[in-house]
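Each chain gets a letter, A, B, C and D, in the order it is written, and its residues are counted from 1.
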């Protein structure tokens, strides 16, 4: 149960079986940093090419294909005071005929205050003035090496995780990834100080982070899509286009989960989901969109007690 | 500002320019009842054919194409103690290869308790036992007569509203519809005692309702898609397949709203949405899916004060 | 087996259970005319509002829900020398980021020559000069009254047919529609002198037509989507968005057809389709897109002989 | 203009910057072989793991990112007499509710006769008997190394090509790929003796091939999606889900092509496509679907002469 302090020296813009930067064990904690989506670090220095550069990969001893990696997000904390966002809704998120109405893109600058837990719009000067939103730090892109020797761009997402841009990937959540290669090879990056649903301007408030996470290895447990849980919900993430297919992936994964781990049969799982399920939207900007299927722990508790 | 008590004698399974059952005025309140999706009333009697039968239409005096109809949902209250739901996830909501794993459909029965504000699973007997969910009564299908002489099935939805199955259409919300014909011709029906996001089993907890609503006519205000608001949010609904297109409709409508009524220019509206927008899922079961785009009033207040 | 010469006096912009203009019998032929999509007739006179106005409906004696209506397209012939097309690709058919590159829309005028079987671009003056394309007259929008009292806009399509814009609906083809109401209530309109696949500029070469068709009533034969055949193929049409769903509808209907009428079991039908199927694209412009699934009669003949 | 005879000794199941097997020059011809989708060679021996194994990559001297690689398919010839196909329509190609009706999958065996140019169903014994289809050998999966260090599974496709399963990729066609890495790194594989549109059973008639192709390097020519031409058409391929997006990619690429290389302005290109475009369906089975946008050379000749 060691704690590793790891300072990255290089980054990856695609997730795959790259040379590990650190070998860690089941139960270990890693404290590290991530650069922002443009490759700028805590000091605002460009240290690598832009495009959601990833810190890692971290090799988890004993992890093998068919196992599951649990990543507990202990702390995701902006390590500088300035974040950036885009200022124009992505063309694919509005009606095709409305695209011509979209404004020109400018880079917006936000002041991020870890004490007050706020992000405040600095510029450009608009009618929003110094709009303030609650700080809600999250990881936009993280995941494990995909199967079949693939190396997948950090612009997109799939079964291995990747650029899901789901605000629920914040401190306090535990995320489960299917493991496809020996060592799992966890990558982390693309921190957002806050983000609206869908990442519809193509960015959150992009910022470098200090990230602390703890890994747990679940041997012999096979899952197919990223899963997670927090205090209130268990959830599964589906990544695909159109969103309809992301819904299918996430819902099917949740049906499997309820049947495999909560002792429900197919009818019980359906009935429960039918009246209790919630869906959250990850990004609708990247090549693959993300939809998250959630079940409240309150209802699950009833089921377990009742059972 | 009259209050009309209206007892329906017949129902419609498609929304269009049917003969009005009542003529009401701007500011009037209607107290009426709806049958459940199968056509059964408060006494459990089959009074009309199934398929989301609608009460109405109500003719609003002075309403003309190009105006907007505001419908304040004052009260949506189950008027019997038994509701029904399906028990199997719809085939279109799971991975195509998983369809064969779905169980057979049975009709589930729920005990609805208006006092305790709960719905409790009565049968079938499953591992869920007497699962209890919070009561959250809503209208699954309602809307106004569509343009161009169309008569649109209550199985689906479009610009005129219809079968959106959005849990946010509950008591306390005000819904805005574009008006396409003289009198607007409001239809209401398809009450759910509760419903998971997406209506993924194809039903909520289907039940007959007592419904009270108040109409307001906004002359000369043209909108394109249903809008709404509640204590916390303003929201717009897009209805289409795939969900990607529903997102486009809802987001475009919200961009228009922010610019027309909140004094924002295109860049301000984009910036605000980018970091503050929320999306909710209506149904992913019907021919047209529904996505709802929301902006928190807390952030809007900042903008208005700042402006 | 009468031949009716019918001259329309009014038109419909939505397909539904309108008052029939003529009652015809199984085997009868109708010779009539259609106006162009903008409501202009053979003389170029605006005789009705634009939007794919339909001639009809024609009531087929003895037709009842659950039967099938066969419509043999005997002749579709432009009855004037000028057709019109749009000049800009629809925004939904290009990459969202490319929409801003699209030119302004102008109305293009084509000279249609029935003798030479050509359509020649007249204006605007462009680098295309007097581009000439082969004449290939077709019906863009036609169908029967839909079920459930619906009245469906001629902008879109569904199980009843409607605005499918499939170039295969030309002289020599026979089209089969499911019948949903007594009399079937056939509507015809929206002639194109020629059209590229997908109707991607939102129009073909729009023109008024003389249309001759012969109906046949197939009692007790239930189909779910429009079907057709010509000298080379049998085909089924699916109408929906996204195109993926149109593919599903068309393919499923073809699987049913092969099993019901050609004596194939599920494996034979799959094997045959797998290596012999062809798909054609109807429109990708309207609210519902159209995909057509075709099987060559050459292969079907082998199967029938072999069987 | 050398001709290289290359006998592969290993294969790749993902397309990326693997070690080149051969360095060739602009104008060179390669004669090589491919194994079938299951990894079996001309002798029916399993020589590598299944999953569309690729021969190559071939390094083209002087090729750099931003150039285009032309691959002339000189000959694609089955080098054994037995091919295999699946026998069941993929679950994603039929209506979700119809999935339960699909039969069990069996492997079908076809006798391939290069002399008679036919493929004849050998087994299973079905009502199809010995169904014979015309031989139409094609490459299902081929392409160049993608950008950003990506390695992309041969199950799917993107800008770099990959598993497009388009029957038009046959002898006589020339295919153009955007080049993303030095040397281009061309991979070829997944031969089909014949295939229906859409590869809707998930396979063509899968067979090992002798393949002969000639490369040409077009320096300084940047394209974004695979393009091609044959005697009758120029065409562009878009790879994405849903099909709607594949249509967008292919159509946008064709608009660019017409404007960059055929001297058309935006209006001319739109007008031409509007009434002359054809679309072909590549696969609707893989993670990314494929749509091909075609313009007849007959019409292009008019434009060039007129210009």
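We adopt the following convention: contacts are C-beta pairs under 8 Å (C-beta built on N, C-alpha and C of every residue); 3 or more make two chains touch, one makes a residue touch a chain.
The model shown is predicted, which means the values in this text are computed figures rather than measured ones.
**Q** Pick the pair with more C-beta contacts: A-C or C-D?
**A** C-D
**Q** Centre-to-centre on C-alpha atoms, which chain is most distant from chain D?
**A** B
**Q** Mind checking the centre-to-centre distance between chain B and chain C? Centres are C-alpha means, answer in whole Å.
**A** The computed centroid separation for chain B versus chain C comes out at 34 Å.
**Q** So what's the Cα centroid distance for chain A and chain C, whole Å?
**A** That pair's centroid distance is 47 Å.
**Q** Chain C to chain D: how many Å between their CA centres?
**A** Roughly 32 Å, centre to centre.
**Q** Could you list the positions in chain A whose residues touch two or more of the other chains?
**A** 92, 96, 241-242, 244
**Q** Quick one: which bits of chain C touch chain B in the complex? Just the residue numbers, please.
**A** Result: residues 12-14, 16, 51, 148-153, 240-242, 245, 287 of chain C touch chain B.
**Q** Would you pull the chain D residues touching chain B in the complex into a rising list?
**A** Those in contact with chain B are residues 90-92, 96-97, 99-100, 242, 244.
**Q** Which residues of chain D touch chain C in the complex?
**A** Those in contact with chain C are residues 85-89, 92-96, 98, 101-103, 106, 108, 119, 121, 124, 126-133, 194-198, 200-201, 203-205, 241-244, 247-249, 251-252, 255, 263-268, 270-279, 281, 284, 289, 299, 302-303, 306-307.
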